[in-house]
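Below, chain A partners chain B and then partners chain C, in two separate complexes.
Here is the complex of A and B:
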């Protein structure tokens, strides 16, 4: 009964949602339209959404123009997966320490990690370049993975910590009383229970890692085969005589993998945020 | 309790992986940035300490203008994101058919790599071919083709709109989650008392999700302050510096002009600003929570 709306409330809600969705999706729609137009048909007065000369030719010819498109997609995916895995290896134990233990300097250390959120790769780019050079990582995947990992850690710790704090302590105490070691307790008792929270952090990390692949690849990598999708496209894009329809076709195909991952895992994002991370 | 209580090393061990990578990728580069900011480091191999010269130079050269612009850009962008995010969360929280699909469909701007989304926006803003100029002309709002990125004011607003497009989905979904955490019996009690929907929103929803709004505003402000890809790809800080924020100014000075010392001084300023900003913000939240407005 409380959820019953009057007709004008329905109108208001749907009009609002429609406006919201148009804002969110219009660029993808535009990219799709452009990808279907032949190069000499891009310009039309007055502006029209659909024209007679549309075809899917660009989706075939783009593989010739951007021969490494497959590589870029694989690289982006691989880098994002690696950042997620390395990130979790750092996030999970740290979040557990902050959630469960009293130790000297805990709050200060947590503050330091959260403060990392305030700096970004762009601010530290000069010394970061030196670090990558010093470690011999320039022009390797690790030059894109390592900075990405460092900057996803703080948010990950924050999200997972609040999730872990809600797990009853009795679980561990029972395991410890039974004589289980503390590492064993973490791996075999806490991790399974915390899986939904870890899933949320993993997905958030993956998406963040996928989104932020521009600066590091642009600055630390000059080997075309290793480029991530955004930089690969950017360099194709930056050339003279941009082949716009192919550019848009390649962008849309390039983002397909992350969209598929999202569609399959999206319930964890909303459900996970609702169940664990936010509610006090 | 004995004075020589043995230190439990286990929690510290758990922090080793996170600390190690943070030291290498964040802490050392930050210290090095501070050191470089007191030098005249550039492409040349000789580097000298110059004291506060970089900072003095910086402030004599229209830097205050860049600071003001950065804050203006950030405030506008964050305000849009939070307002649109709250409205969006309310709409997506309404129990109407199709809301699951709508929740799914608002997220793509946040999912796709930022740079790829921005390429598409670059096309949207194109005066000859783009959708916005095209539709504007068709609807009679524009007299002719309009290059959104070619004029100072429109370029400024265009970069903000793209930033809002990318940042709003996360804000929305975060606030939606917070709204779903509000106990249902509160609404039911108010409803029984005859409180209108608007009244319930103002007196129950809004106060209870205020901590989440505050947290998101701070995070969003920090991300927006550090926003690099969007402006760099769309305008590279132009036209005539109209979209040069502090982070763009830093990158231009250090990477495009190879003035590492001066660039580092700018980077240090960014960190100081963000630290002050966050400190002020936390104080405000603490004060509010003491007053009882935020629980």
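Here is the complex of A and C:
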């Protein structure tokens, strides 16, 4: 095989990658170190990354300090799964329609969807509060799921639409000639073929849903049992001090579901992002 | 039954009319090939028959029923696509069974039909494979299997062999012709490959710019092209054309003068007579050009010589006019690039076209077998 790059290009590439990795992983690494160290030695001067008294004690004591921690984690996971499922229920048919049907205002509508994504969720929080209040949904899981779903749909439609557009139209025409209706074709032919693309969207949606939970839970919910993890973590902020090591431990345990989902479905992401890039 | 007819069928995309009034009758059991250059509307016409494109005006009738507004499945047609359009996540068996599953056919009957189709197409061993594990030819057979399993009255093929290599294409041509005989079905086949058209068709429909240029048997199109477009399109290498001037005409022939002032009498029907001095176009197929012989001589200078063993193709320029002139001589012809080649042609092999490009009907008997060979 012929080398595509010269040695100095390789050096540049790997230095670049290393810098990126350091920036991306340094917070996690530091959080992990903090979670291992006792609280009283955390802010010693000079600052020390490694000490002799490191242990996993915080990973045990955090469940006692915040008794509902497991509940917050479960809520977070549940809300993210619900947002993903409800989101996909809207994204898949909408993306299919945008990819395949000719209708008036299609491109304008796509632009509107993109514009919605440019508005920060925080800007809409007061009107949304009024809506939730009016509907009597405050202090329910639905108050966190509904706006969350609405916010992930536009990106999902854009992502999946571009994937669906790469699926040859002839597949659908063949199914049409074979007597299949639109819905049958979508379910039996298009969805299985589009599965890598749908997986990418599902994972992206799940991550987005997991990340966006702070604002909605903080604003639309005041029932402790219904809180999601980002809000629950605030209970590590005491009157006198912040239990940093336990909070970091809880944060790291909290991102495990996302990491597990990502690792298991990673092959779909890679396949989904590269499908159609080369002639197979 | 597989009777199909089109009456003044038209198709427009926005303001652009791509099918400009096509009328055609296709009988049961016929193998009809739509042929023409890219953009002539042949695929669009096929898709209109299939129900994949709306018909802007006119009627398409299948077995006596106007199908303009019917869904594809209700038209009694099956279609094989250029890209095969196999369902990649399904096995060969499931691909072939797909139309039957949609119809909710009983399991045993479905199995029997799939097995029958796979036996005809020699796919028995491949039923559990996915399309990705098959060769191009096998994939095409699966696509055909999916089409025949429904017992349609009309089969539609949209350039089905164009993705295959030359050897496989030749093989599949023979298989498709055999299949046509076995199924006794009406087949409409779109291609831009004139060899496919000439070898497989009962009748060829030559399309040009959204209209039918000529309909006829392969030999009719070869020997009696209706116009200059068909004459140039059918035959490979292409027919040579040169401007000629009418010297005299009778009911049964026209004598013309070539650019090099050579004279030749072409036996064509000229019942109205042609005025002396009229500008005409003479056509001669490269394979009808003779070395060192013929009623009219053409002096040429070869620029490229292709030796194919069985014959030699000579791309040359005419000495007097520098116009290109292609000839196909049998065997290893004694010609060389840059060295004058003395060629000739006989009036009986020539075609004549008027200023509008319409052909004067040639006085040729159409027969599958050359009668002169029977007497030997």
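In this text, the second predicted complex is superposed on the first by the 253 of 280 C-alpha atoms of A that agree within 3 Å, B and C clash if a C-alpha of one lies under 4 Å from a C-alpha of the other, contacts with A are read in each partner's own complex, and residues count from 1 in each chain.
FYI, a residue touches a chain if its C-beta (ideal position, glycine included) is under 8 Å from a C-beta of that chain, and two chains touch if they have at least 3 such contacts.
Bear in mind the structure is a predicted one, so any value in this text is a computation, not a measurement.
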With the two complexes overlaid on their shared chain, look at chain A and say whether chain B and chain C clash or fit. fit
For A:259, using the defined touch cut-off, is the partner it touches chain B, chain C, both, or neither? Pick first, second, both or neither. first
Considering only the touch criterion stated at the top, classify A:164 as touching first (chain B), second (chain C), both, or neither. neither
Which partner does A:73 contact after superposing on A: first (chain B), second (chain C), both, neither? neither
After superposing on the shared chain, does chain C or chain B touch more chain A residues? B
Touching A:145 in the superposition: chain B (first), chain C (second), both, neither? neither
Go through the superposed model and pick first if A:30 touches only chain B, second if only chain C, both, or neither. first
Check whether A:82 is in contact with chain B, with chain C, with both or with neither, and answer first, second, both or neither. neither
Let me test your reading of the model: by the given contact rule, A:131 touches which partner, first (chain B), second (chain C), both or neither? first
With both complexes overlaid on chain A, does A:202 touch chain B (first), chain C (second), both or neither? neither
So, A:58: does it touch chain B (first), chain C (second), both, or neither? neither
Taking CA centres, what is the chain B/chain A/chain C angle in steps of 10 degrees? 90
Between chain B and chain C, what is the tightest CA to CA spacing in Å in the combined model? 5
List the residues on chain B that touch chain A in their complex, please. 7-8, 10-15, 17-18, 21-22, 24-26, 28-30, 32-33, 36, 84, 87-88, 91-92, 94-96, 98-99, 102-117, 119-121, 123-124, 128-131, 133-135, 137-138, 165, 168-169, 173-174, 176-178, 180-181, 187-188, 191, 197, 211-212, 219, 222, 226, 228-229, 233, 247, 250-251, 254-255, 260, 263-264, 267, 270-271, 274-275, 278, 295
What residues of chain A sit close enough to touch chain B in their complex? 1-3, 5, 9-10, 13-14, 16-17, 20-21, 23-28, 30-31, 33-34, 42-43, 45-47, 76, 86, 89-91, 93-94, 96-97, 100-101, 103-104, 106, 109, 112-113, 115-120, 122-128, 130-131, 146-147, 149-151, 153, 157, 182, 207, 210-215, 219, 228-231, 233-234, 237, 244, 247-248, 251, 254-255, 258-259, 262-263, 266, 269-270, 273-274, 277-280
In the complex formed with chain C, which residues of chain A make contact? 168, 170-171, 173-180, 184, 189, 192-193
Applying the document's contact rule, which stretches of chain C touch chain A when the two form their complex? 50-52, 71-73, 77-79, 81-83, 85-89, 98-99, 102-103, 146, 150
